[in-house]
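Pasting the structures in now, so scroll down.
Next, two complexes with subunit A in common: one pairs it with subunit B, the other with subunit C.
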Partner chain A sequence: MSFLDSIAAGLALVGNIESFLALFAGVAIGVIGGAIPGMSATMAVALTLPFTFAMQPITGILLLLGVYKGGIFGGSIPAILIKTPGTPASSATILDGYPMAEKGEAGRALGMALWASCTADVISNLSLILFAGWLASFALSFGPPEFFTLILFSLTIIAGVSGESLLRGALSALLGLLLATIGLDLVYGTNRFTFGDPNMMGGLNFIAVLIGLFAIPEILAMVWNPTAHVGKARSLGKNWVSFAEYRRSFKSIVRGSFIGVFLGSIPGIGAAPSAFLSYSEARRTSKNKENFGKGEIEGVAAAEAGNNGVAGATLIPLLALGVPGDVITAIIIGAFMIHGLQPGPMMFILNVDIIYGLFIGLIVSSVFLFLIGSVAIRGFKYVADIPKRILIPAVLVLCIYGVFAVNNNIFDVGVMFVMGWVGYLMVRYHIPAAPFLIAFILGPLLEDNFRQSMLMSGSDPMILLRGPITWFFWTLTVLTVIAIARAGVRAVRGAAVLSGDLDD
Partner chain B sequence: MTQRQVQMRLGTGALLVAIFLIIYAIPQWVSSPSNVGNIILSPLFWPYALAGFTGLAGLGLIFSGVRMAPDGPRVDAPCDTPGLAWLRLAGMAAIMVVTMVLLPRLGMVLTCMLVFLASAFLVRTRHPVTAVVCAVIIPLVLYAFFAHIAGVAIPQGEILRLP
Partner chain C sequence: MSIKSISAVCAVSLGLAGAAFAEYPERPINMVIPYGAGGATDISARTIAEPLGAAVGKPLVMANVTGAGGATGSVAVQNAKEDGYTMLFARVGSHSVNPAMKATLPYGLDDFRFVTVYEINPVACAVSPSSGITSMDDLVAKVNEGGVTYSSSGVGSLLHLAAVMVLKEFGVEEPLTQTTHIPQKGGGAAATAVLNGTATFLCTNSSAISSFVANKQLVPLMVTTKEPVAGFDVPTAADLGKPALHQLVGWTGIAGPDGLPDDVADKWGTWMAAATQDAEFLEKMTARGSVIELMSPEDANAFIEGQYNTFRKLVDELGMRIEG
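This part shows the complex of A and B:
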């Protein structure tokens, strides 16, 4: 199928009012969800997922992608107006956004955040379109040993960079892998931790684990401290961003977008490091570097470009390799699976219409983001006024309905509650949840590819080193572990020296 | 709780989980056919390998915890009244247990109405009337969507049967 044929097939699939309506609704839900402090883009995507079961695959996935895109931008609104990032990725936006709001220039900061977000979004989507197909064609030559080493590398980097320490991330990933062993054995069909219960034989339901890990802990945190997330919203002020200011910040926006694209395409790094790196690069190269941290509009632009640049790029490993780049794409992979689709290189051959339909939808989502974002900036006051102590019980009820709807099974609701407490314990003990969830999803794939490799080679482990691709991933894995371990040792030494100095 | 305490508790917990898995849980709850020629292909191999790595991660956490300064800053979630907060958490746990008991008996809609009310009053909502209204409307709207649009068979109890 030629490129033009693929685009035509994609257009035929999404060229209807239903798809665009879903995308529009998704962006709106995402912006609102991201803007509510205490919710997050992740929770918004997780809670929207059950509503996609009844939809066509493309419509449901577009809805979720809209929520994702909207959620990332929405997080910047409370970051600027009440100094509370709606998503972790918006933390860098506070650095200059909130000082601007204090000076009565919140409208200007939010306007720049929107323009930078949309520009970064377009660049990120174009990068996805350019690189995903190329990477997928390369990945077509992967066999089980190559996939095993790729997934191992992805898990290593996710465990290493998504928390405060490599060991806690590794523990989180190992627990996720252990949980994924529940059910019937993949090769022999024997029981593993099923306790004779038929509900356990198919393994734990992914949606129940996901919503349990990401929505219920927020509810429990609210129960622990019901007055958290209470902040006073600043007024928007009379000044709005001008085209001259956008042009002045354009270099930082483009740089931040490419930083986002690069970091987003590596599984596990996510939007927050990208936003901070983009911000620090903008500060290093700016003529107004002394204003950074005091309300510099270029700082807002760089931070927002950094975090939105990630949004399209995280779909590169998802679509091309079937490996989720972050937690939200892990949820989206769940949506693909529910609709009987398996993301990965074969999807570029078997479901090319869906792939190009998604590309078209993503481009359109940038336009929707601009339109909805402009309205959301002015409407934030109403979102901020939603009483959290009403919102949280509503989220709980939504979780119960959503999880039940997956399999029509009350057992799954129990799994969600149990996983919610596990997730809450993880939050309290500073264990990152992302490696747990991604390991839970990739666990069966990792084990399956490992055992297939062993079957292929007659149990000779040397098959895992059979060619340049496996060597490449092993090298990356070892380098990642060394780099993260060295950073950890330095941090511990630094803390020890600091506490020694304080003692003296 | 300091960083050191977090690290030590996590390490000890991981080590205990690994020992429990290796000594009791895997031999007891993972079955393998007797004719598997190679241990690598056995259904037991993957759980044993993961339990081993969990133990190693636990040891690593304990080792790094020992090297941390004993009097670091506290990292607990802030709360003004920890006693009440623990009570509220226990209340939430009770709501979840009761939900599981009531769901097959009262049905999804009535149970969710009660769950909504109980959790809203547990977090001491300042809008009791809104809470009651939302407690009735939200489960009904969700029922309408899932039962009539998504085609999900939402469980109905003996007391309330909805169309």
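This part shows the complex of A and C:
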């Protein structure tokens, strides 16, 4: 069957009102689900799954994909407005999105998040269509040693999000690494730091830590000093992103999209590290580096491009290999199986109409995301205009409900409050929270892959240098560390020159 | 208010209370799924929930309480009131492999009363095509040469125990020292590890690898059931003369806390009999490679007890029990 025939077959399959309706509904459900803290894109997809059983396979899968894409964008709305990421993938969006909202630029931040998300979505979908086969074979060459080096490199992001003091950033990262060790040991299955409590055996819940670290300190600060915000203009969310700003951030968006495509096509990493990596790269190469973390619109763009770039690319291992890249695609693969479809190389031969139908649906989904996203922003941005003394208690209720709903476990709510106090102390002592979060996500991956590598090689460390991919990431890591060290030395010298210490 | 009317009110309320007691359930039932959304247990639970809800006549509130290989959710039900309003979707991993392997588990089989087992998942062993292994004999020969590894979804998972048990049955004396276990996080990652060459083989639920087998990305070696499994053109354990491996299957069941009253357990038996007759449910589950086999509360307890004892014996014999 020629390419044109395949497209025609795909069109014939999705060219009905039902499919587009499902896709549209999916994106809408996703945006709303993603925007509710604690609901997360994963849960939105899982809750939609049973409804797809009765549908045509392609309609059902398009519905789920719509929820997925909408959810990843929707998460950025509360991240910007109330400093509570709706979905873990949008935690990097907080770094600049919330300061922008504080400055009364919520509308701009949300607009940029939408534009960056849609651009990344298009790039990600096109990569899926054009490079699926090639990227899939690449993904399979990623064993534990390759993962280890990739994650080692990713840990250099910490320098990018540490703010003014690298030392404080490192301290925060250490704390994150430490807390990530709680739970069952991967290789021996023994308990680590669980203090005999079954609730700790699964480790600390990620969403509870996330919300505790970012949202609760705001609330505690408000309790501590209820009138601090009075007189500061927080409104209004009426302003909108300009095309010039989009053009200025375009390079970061494209780079973030490709980082997303790359990390998304490798199973097992997910959208949050991709968003942070994209953010830190954008900061590293930006002219106004100092403004990052204080409300830089390019930071929002980079973070959102990084997480949405993953959304299309995670379908690469799913469709080409039948391997789910993250929890969400694991649920989507269930939908394929319920309908008797088996994703993998044979699907490109046996069900080529479905594959091309999905491709067409995905491209249309970017357009829907833009339309629905615009409407959602118009609705949600007025949250920024709500007086803080009314907003903050509402946020607290939302946080408690959201964290409880993740796992139906009251223990997680306790974790959230404890982490909230930790986060509050960190804010007071100017220790940035982002490195903590990155270490908390990447630490266990680093450890697991290192230990798996050692099991593979019988404890021979040379396996960590076993091929070109590992060499590539080792080189990249060394170069980045050198660059960070040089920048640090220069900063110290610069400070010394300014204070006149070098005069003799 | 006269004495007569008071006594009438009393009689009515007593009557209501009596009726409510007789007619379990009078309110929605909480169903705990101890594994994450989209996993095998979750999909199985949500598929049965539809016909089951119709049979029960009251809503079933499904809640994923995840963590620690199913332990967190199981503990939640272990500590729940024994009134039948909090029930658990128990799974092979949380309720026969984990108790057999983990000394530190905060619960045992005695803490639960099983009302049914409704789904059986055949276990299949598979390797990657590039390994050149095409039969169990090849695999055992490779093991004796050394350097064979196997992946699993974690320490104390069915996959972990299955690989060891299969090797042991096929005459490998010391499976723990002759091969290396490379645990992964989750069943999907375990299959990927074999695909990309990190591990040599894995033994897992046939449904988890059926698409890889259909796509010729994995080569199946055997299935542990008596009957052949659709899509797996390989010998069964019976064909290979290893009937002991028939015990090695995955399953999903429903359990309540230990003191669950008899009438509640009986009700579940009737409901499940009705629910598993549902054509749509049967079709969906068989499409995923499951065998629907309804067990009465007594059969379910005996089945799980038997599997636990087999596993426990193997674990003790090889010294695999996790004490720390």
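One rule holds in what follows: the second predicted complex is superposed on the first by the 276 of 504 C-alpha atoms of A that agree within 3 Å, B and C clash if a C-alpha of one lies under 4 Å from a C-alpha of the other, contacts with A are read in each partner's own complex, and residues count from 1 in each chain.
Quick note on the criterion: contacts are C-beta pairs under 8 Å (C-beta built on N, C-alpha and C of every residue); 3 or more make two chains touch, one makes a residue touch a chain.
Remember, predicted model here, so these are calculated numbers, not experimental data.
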Notebook entry, point to check: In the superposed arrangement, does A:G414 touch subunit B (first), subunit C (second), both or neither?
Noted result: first
Margin query: Output check: A:V223 vs subunit B and subunit C. Expected answer is one of first, second, both, neither. What do you get?
Written below: first
Next item on the list: Using the superposition on chain A described above, determine whether A:N199 touches subunit B (first), subunit C (second), both, or neither.
Entry: second
Margin query: Between subunit B and subunit C, whom does A:V352 touch in the aligned arrangement: first, second, both, or neither?
Written below: neither
Checklist line | Contacts of A:P393 with subunit B and subunit C, given as first, second, both or neither | finding: first
Notebook entry, point to check: Does the superposition put A:A170 against subunit B (first), subunit C (second), both, or neither?
Noted result: first
Check: When the two structures are overlaid on chain A, which partner does A:I431 contact: first (subunit B), second (subunit C), both, or neither?
Finding: first
Next item on the list: Check whether A:L455 is in contact with subunit B, with subunit C, with both or with neither, and answer first, second, both or neither.
Entry: both
Notebook entry, point to check: Of the partners subunit B and subunit C, which touch A:F404 in the superposed model: first, second, both, neither?
Noted result: first
Check: For subunit A, which residues belong to both interfaces, subunit B and subunit C?
Finding: 50, 53, 185, 187-188, 190-191, 408, 455
Checklist line | subunit A-touching residues of subunit C, taken from the complex the two chains share | finding: 32, 36-39, 42-43, 46-47, 50, 63-69, 71-72, 75-76, 101-102, 104, 106, 149, 154-156, 180-186, 188-189, 191-193, 195-198, 207, 210-212, 214-217, 284, 287-288, 322, 324
Item checked: Residues of subunit B that touch subunit A when the two form their complex -> 6-7, 9-10, 14, 21, 25, 29-33, 36, 38, 40-41, 43, 46-47, 50-51, 53-54, 57-58, 60-61, 64, 67-69, 71-72, 75-80, 85, 88-89, 91-93, 96, 99-100, 103-104, 108, 111-112, 115-117, 119-120, 122-127, 130-131, 134-135, 138-139, 142-143, 145-146, 149-155
Check: Which residues of subunit A touch subunit B in the complex?
Finding: 50-51, 53-54, 165, 167-168, 170-171, 174-175, 177-178, 181, 185, 187-188, 190-195, 219-226, 387, 389-390, 392-394, 396-398, 400-401, 404-405, 408, 410, 413-414, 417, 420-421, 427-431, 447, 450-451, 454-455, 459, 461, 488, 492, 495-496, 499
Note to self: Under the definition above, what is the set of subunit A residues touching subunit C in their complex?
What the structure shows: 42-43, 45-46, 49-50, 53, 140-144, 183-191, 198-199, 201-203, 205, 267-268, 321-324, 327-328, 330-331, 334, 337-340, 342-347, 407-409, 448, 452, 455-456, 458
